[in-house]
Amino acid sequence: MKIKIFTTGGTIDKVYFDDLSQYEVGKPRVREILETAKANITYTITEICRKDSIHLTDEDRAQIREKVAAEKSPLILITHGTDSMSLTAKALEGVSDDKVIVLTGAMNPYLFKQSDAPFNVGCALGALQSSEPGVYIAMSGRIFKASEARKNRGKKRFEKVE
Amino acid sequence: MKIKIFTTGGTIDKVYFDDLSQYEVGKPRVREILETAKANITYTITEICRKDSIHLTDEDRAQIREKVAAEKSPLILITHGTDSMSLTAKALEGVSDDKVIVLTGAMNPYLFKQSDAPFNVGCALGALQSSEPGVYIAMSGRIFKASEARKNRGKKRFEKVE
Amino acid sequence: MKIKIFTTGGTIDKVYFDDLSQYEVGKPRVREILETAKANITYTITEICRKDSIHLTDEDRAQIREKVAAEKSPLILITHGTDSMSLTAKALEGVSDDKVIVLTGAMNPYLFKQSDAPFNVGCALGALQSSEPGVYIAMSGRIFKASEARKNRGKKRFEKVE
Amino acid sequence: MKIKIFTTGGTIDKVYFDDLSQYEVGKPRVREILETAKANITYTITEICRKDSIHLTDEDRAQIREKVAAEKSPLILITHGTDSMSLTAKALEGVSDDKVIVLTGAMNPYLFKQSDAPFNVGCALGALQSSEPGVYIAMSGRIFKASEARKNRGKKRFEKVE
């Protein structure tokens, strides 16, 4: 079992510089998360972009879809910003009949003491290995189908679309 | 979707006192893990025991099986020490035809900076929501069937039994 | 021995919201730091302002000086942003002949796993209890006189002015 | 300014293995603490022993005193277990007329999320640079003279001897 991980940026990878700087998207943290958890899995990581997901364009999503389509591994994990994660998930629907694709990210940066990042990446991996082919979002401790998840900004969580 | 969580102790819940004390199993930490991750799930937690899993007896395992059998929710998460997690998983096989049962724990206590506990609980939750009925172990970033996992003490990880 | 703590904001108190928000100065964290360290000291905390120190004005500094002058405790700790900490320290010189005044802050927010905040507050407290009356800066593991410290932005540390 | 650091073990350096092991004293963590805090100081570290301080013998204390006496730097920081820290501090009294010697340690291991270790080491460094020659204990946010500190086990803190 080999897992392919694509990273696109988002809160999970946010870093901080100092008073004169802004909070920016840094290098992908998913490797640190897997190493700290001593995950006994085989994976490769490819960075597609490093953006706040509010700034992802249609071209970015087309590129993500292309990379996923071209990937040989049937198990694909994508780290992504939360604001447009649902959009990207929908843009990936139908990309493959035999791949399991799970998107995850974080409401609080990995570098924070209280980050949800390790929990979310774990949750995504659990779903990745247990699900039928399809596109899923693993956030807030839940596994949603691509078309069923939305971010509730006020409550800082993902919910099922009614 | 309502999840039932049973806790039994183990490294995940270990605490430290001071030079004159020993390292002991403390209160279950799974609630803190779910709250820090802002998990949007419904769950109840029942503490079955608070033991190092090397000290779990056949009576303890019988009691765990009884609790699982009597539980109405079809989604059951069990936190457990790592040393005899495989034994308990096997002891639970066949307990139900329609329940998904996932055991998890940690190689490093939740209270440690570098704990694998949040990642593992996330992984277990991801599998719980995506799997066919059966008994599973979620450790080291992998989802194992009950009879297929063993702890490799030297490498500090779970592996598939060959 | 009673210690007076004034807070003014800065990186030490920075929080993060989400992709659509910016990194902002939140509530003072010095109390959490002292409670986590189980500090056996008597103190009161007064929040003067909640600003990036690059935005502190002459009026803000006049107000800080006024509060320090009016304070009865001879031991005063001030948490402050790093960019203009030296300026405020100099503005406080001569405010009192019998008070020890120590400014500190952080290069990385308290909420980060890798924050220098607890170490710095500890360092400031150690100096506060051991120094002659005067104005000091406790940053980067060193105790500087007010006029002797400057921030080296490139090296992310405080240095002695040559 | 060059600081000499001696390490002797204690809770600050405790590590955890697994259910079958005990909690043991590991390698000194003071370097990690200083590096995380990006301390801009010059120091060398010498490990004297690696013991729970309840197991330190008169010979151990004689050896610590010898090392301190032979040391050229006038600024000496000692990391130590909490249970007999006061004993060692008293054993060091009179060792030198021109050295500042500060002992510190932790009530919770450095590897814990909620450790007091970085705060305590910071506190010790602040006192080290600001104090008259003598032997001091920096614990619980306070600077005690060697003969004035005692550990209150029940309250998990250091107090002034009445």
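Letters A, B, C and D mark the chains in the order given here, with residues in each chain numbered from 1 onward.
Basically, a residue touches a chain if its C-beta (ideal position, glycine included) is under 8 Å from a C-beta of that chain, and two chains touch if they have at least 3 such contacts.
In this text, all values refer to a predicted model and were calculated from it rather than measured experimentally.
The chain with its Cα centre farthest from the Cα centre of chain A is D.
Between the Cα centres of chain B and chain C there is a gap of 44 Å.
One finds 38 Å separating the Cα centroids of chain A and chain C. For the pair chain A and chain B, the distance between mean C-alpha positions equals 25 Å.
Among the residues of chain D, those touching two or more other chains are numbered 107, 113-114, 156. Checking each pair of chains for touch leaves A-B, A-C, B-D, C-D. Partner chain A is touched in their complex by these residues of chain B: 33-34, 36-41, 107, 114, 116, 118-131, 138, 140-143, 156-159. If you check the complex, the residues on chain C that touch chain A are 10-11, 14, 16, 18-20, 22-23, 52-54, 81-83, 107-109, 111-114, 153, 156.
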